[in-house]
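Order of writing sets the labels: A, B and C. Residues in every chain begin at 1.
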Amino acid sequence: MSAPAVVRELEAALGADAVIWAPEDLLVYEYDATIDRGSPQAIAFPSSAEDVVAILGVARAHGLPVTPRGGGTGLSGGALAARGGVIIAMNRMRRILELDPGARTALVEPGVVNLDLGNEAARHGLAYAPDPSSQRACTIGGNIAENAGGPHTLALGTTTNHVLAVEFVDPTGEVHWLGGPTRDAPGYDLVGCVVGSEGTLGIVTKALVRLVPAPEAVKTFLGIYDSVRQASSAVGAIVKAGIVPAALEMIDRMTIAAVEPVLKAGFPLDADAILLVEVDGPALQVEAEGEIVEDVLRQYDPREIRTATEPKDREVLWAGRKGAISALGHIKPNYYLLDGVVPRTRLPEVLDTVYRVAAAYELPVANMFHAGDGNLHPCLLFDEREPGVTERVLEAGEEIMRACVDAGGAISGEHGIGLEKRSYLPWIFSEDDLGAMQQLRSAFGADDDFNPCKIFPGGHGCGEGHGGHQQKQIAKFGADVAI
Amino acid sequence: MRGRSAGAIADYRIGGRDPRYVARPASVEAVQGLLREISAAGDAVIVQGGRTSIVTGNPAARYDVALDMTALDAVIAHEPDDFTVTVQAGMRFDVLQASLAKHGQFLPLDPARASATTIGGVIARGRGGLRRGAFGGVRDWLIGSTAVLSDGRAVHGGGRVVKNVSGYDLPKLFAGSWGTLGCIVEASFKLRPLPAYDATLRIPAPDFATAVRIGSEVAQGIAGLQAVIALDAATATAAGLEGEAVLLIRSAGMAPVVAETMAATRAVARASTATDSISDPALWERLADLTAPDAESVLVRLGLPPPAVGLMSEAASEAMPEASRMAVLDGGLLFLRANRVEATAVQALRATATEQGGALTVESGLPPGLDAWGEAGGLPIMRRVKAEFDPTGTMSPGRFVAGLEG
Amino acid sequence: MSVFRTIDAPSEGDLSLCVHCGLCLNACPTYLELGQETDSPRGRLQLMKALAEGRVDYTPRVQQHFDRCLQCRACETACPSLVPYGRLMEATRADLFQQDKMLDRRGRLVWRLVMRGVFPHPNRLRALGMGLRIFQRSGMQGLMRRSGLLGRLSGTLARLDALSPDVRRPFFEPCDVERYAPPGPPRARASMLTGCVMPLSHPDTHHATARALSRNGVQVSAPGEQVCCGALHAHGGDVEAARQLARRNIDAFLPRDGVEAEAIIVNAAGCGSHMKEYGHLLRNDTDYAERAQAFGERVRDVSEYLVEVGFEAPSGAINRAVTYQDSCHLVHAQRVKDAPRALLRSIPGLELREMRRPDQCCGSAGLYSIMQSSLSGAILRDKMSDIANTNADQVCSANPGCLLQLDAGIRLYVDDMSGDRSPHVIDLLDESYRAAEGDDYARRPE
């Protein structure tokens, strides 16, 4: 089979080994970590901003959509070629170009894996704060697109708080440097717009990120509770006590059941909720805050409190949280992972709703979440081979998201809207709000062919939007699909 | 509505120009109506709150209407247990801070002239203050906003939750847009608990350069400080302090932690003569006020990577030898105040600052022919943003970078 | 229609465990090297599914992606969903091998000659070893290495040569273990796998293993009827040959009418991991299934076993800095990570310096270093730079294939590292015992 013209031109621009187009190879670029699928016609691997410009030019000349992709670990379908076309895979731009311990910054390419940057920073007594659970595989470029969070962003903020400047190719193929080494760059905060824009405003080709000093001491508490109510009340009380922990996480009984057999963290299978609280900073502060945290945890009648200060022991406590989502595959072959945010005080009632909805739809649900941020991740578990269950799952998911919005929350805390939640966006934004956002997209130079069908409902060739999307999801379930 | 309960036209003078009329809307709907009318008429508006930075920026291309936001000054929702607050843009900063303090909370931004400046003004400037090394700037605390565009549409972005990736981050676009994209009417912030104990260490120094040098060592060596600030003699005097030069180091938190931090700081600073005390809030207000621009003097603000502050302060003593100086060593700020300045001196300083990764703005007393802001990266996109959001060029035309008009 | 046809095909249940979360990507050496999903665990699983669903044929490109897999199973350690990747890849290869799709005609011929013709036969292996020994003793190898002739002829040939073990020492025979005995009454009994290549390539390591076990009160034996474990055959898809070898070993170690081994000790991680899975390999063999299961349960890596029974810390000082390369089939397949480190840390004077990503494959992977020599070389080059960055005096490991690959790496890429062979962990433990107690510390009195 001879290569189509678009492939030949991409190969001419980038080199033959920087383009993938064989049908069997394209199969493995159909998915990310969600349910959806998109079939690209070619994958191009740039090694520089100039390469990205070239790819955009070739794709435009052929009227093909382009979609940027990082680690493909996203949880909203953001990396999928929703309308086909060319995937711009950033994985080979993965150098840490510069790490300046004095200025506490690192200049990295977008394909650098989050944990690799963290490890490199650690060698200088520094840390890169955002630590999504997929940090072993997700890339900084993807983190920027989704404004990735993670358990340790409670005190230090999400990705947007840690990206200072980016080299950026806008959808028209112009290269810009946005932002600067400090937050004083003149003009609009375009970096602030780019972070969290889910790769729909352009493509980051370099990023200058902030590093933070690694804390002198860290202490992790694990509180085991007999009810979710007790645990979530303890969460509120810790925050109320005036402490901003480095992390404040909860997992529930179903999650424990998934995690424990795999990771053997020693979690009791009959406990209803486990709280993970971490305080860090100067040793004295950790000690003082730790005492308060432990006191508060005790007030809510825990079955047991464990503590760890050594990295290895803390890792054991954390493993159960960070591996939780993927471990669910172990209970049921499919899961539908939600990402709602609610004001912290509304957590207990929204959790009640989550359990009530799941029970009403006869679906097991596992909850693991960033309690300190009010960021819930209910996971509906199912086996899609059971007739009709998928529809039930989607309906239950929608009801849960409604409950989050009704409680004054939002429909994504860190996974993004992507393909998956486009039809929910009008729940929280008016037509005028969405119009202004579309205008921002236009201002960056994005048209219908740049990363199409993401974030905004509707869109040319993207299906019907507003629920039509869900129909498509159901239709597309294959034998192996997990959502 | 028009002109009602607003002061005299002359109170809204900017750069020697008076507006044709003043409007002081009392509702979001009124703002929408006004802006629709103003833009339809082809007029230009400058949105104003406490007018504490009204002298900052390039000269307006046009100025027809002053939009006084101070009537929109309500707290919409304060959820102490959620650590969030939603307020109207015309609320005075100190009023908000006082109401938060009743619940043991605060918004960790230190605007100059907090008793005059409004929330809208703080957002429009988008800046952190003296504690920005510890707390960052507006963008780090603003979680939601509503702004009215020149065509009257009220657009909302973000929300009232502390973590959010739902739609584009419009609040970040409006923060630091200096009133050129729309009129901010409402904002939500996340909050911090007030520290139990707040102390300031005062270390006299023989001269400003020494204070800067020691301060840099402290900023690099001690984690968890809230501010490390060096003042020269003139600035110290203005702040009500004595001495040739002074280094001020602020630490807050639990009492024993603060005590230990301060002890460590003394050791790094090799300071035997330091005095520390529970922070005098009035001192920090005076210090913040010293960063305010005024019509009578030139104020140059340099935002810098912290390690570059020492070098820049040396460059400044050559370029602007007369200027009084104040440096924020952990946050990377240098303020220079003088009676007058040559454009060439500013250009030279700006070039050095840019080389160091920083930026220079002339906050007041802009020499003719100079851009107040300096060169912006991504200017073509900024022009298109301005054109999309304000196609009629209604909002503060000419005032922002490169004289963006829309 | 599914491309898979045989009973050995990957099971739908196993395949469905993958939720394509991507957490495996960065653990995969070929993904790190090539930066493309097609050569990642998630990608290969997707291709397996596509083969099973008949969405794609077993094309040369698919084959290439499978062939590039090291089967190091680092992805299994990374996987929170417990996808049995190694088992799936072996099943895929087993099915395709049996359909004659794995190898072309020439490949099949070579496979029959070498893998079926030589490896299962200890005598033929020894004969080959003798040939190589003559080549080495004659000085020809040294001459050719110095002249760089091979490198000029072919890079692959040069790499092959670099990988060839030094076989100048006397080969190890199973009966050699009888030279060693515990100092007092034995507290445990164990049987040792001597394997196919190791008696030729690493006889000293076998001696060290037998000595160290004896020193710690273990009565060591080694059945003379044992053969190659069959791991290489299973990895290559030749399950029939693998099963045949497994049955012979089961008969050797767990004879129906003799004394069964209480523990089966292996000092080659690749063999150990394969033998622990004999139960799965022979699950459909009614005659052997049960014993195969029992066999698997008794297999222990030597470091794992020593830590389990409790070993006595040696007292002889080894004043060296050593870095430890995890053997994939120990750390990922058997999940033994701490035991070899515990042995090393017990040695006085020895400083264990961890390298970056010690648990990432060195590119050896059995036959991989020969079949995929250029990719293997690239992986090895990265590994050697991580090793060099530790400034350790020596690198050690726990598997002969890894040790040969590391030796080749030192010759090719590292200037200032000891040119001696890289030691097995057990060699170092033995060296420490000997340093304190003399060469005969565990020798049976004549």
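By our rule, a residue touches a chain if its C-beta (ideal position, glycine included) is under 8 Å from a C-beta of that chain, and two chains touch if they have at least 3 such contacts.
Because the structure is a prediction, the values reported are computed rather than measured.
Set against the Cα centre of chain C, the chain with the most distant centre is B.
Taking the mean of each chain's C-alpha atoms, the chain whose centre lies closest to the overall C-alpha mean is A. Work out the mean CA point of chain A and of chain C, and you get 38 Å between them.
If you average the Cα atoms of chain B and of chain C, the two centres end up 64 Å apart.
With centres set at the average Cα position, the gap from chain A to chain B is 32 Å. The part of chain B that touches chain A in the complex is made up of residues 79, 81-84, 104, 126, 128, 132, 136-137, 139-140, 149, 153-157, 159-170, 172-173, 175-177, 181, 192-194, 196, 220, 223-224, 253-254, 256-257, 260-261, 302-307, 332, 357-359, 361, 373-382, 384-385, 387-389, 400-401. Partner chain C is touched in their complex by these residues of chain A: 20, 22-25, 27-33, 43, 45, 71-73, 89, 91-92, 94, 111, 113, 115-116, 119, 134, 136-138, 262-263, 323-330, 333, 335, 478-480, 482.
Across the complex, chain A is touched by residues 12, 15-27, 35-38, 40, 42-43, 46-47, 49-50, 53, 55-57, 59, 61-62, 65, 78-82, 356 of chain C. Across the complex, chain A meets chain B through its residues 102-103, 105, 146-147, 149, 153, 157-158, 160-161, 165, 168, 170, 174, 176-190, 192-193, 195-198, 213, 215-216, 236, 239-240, 242-244, 281-282, 284-285, 288-289, 341-345, 370, 373-375, 408-417, 425, 428-430, 432-437, 439-445, 455.
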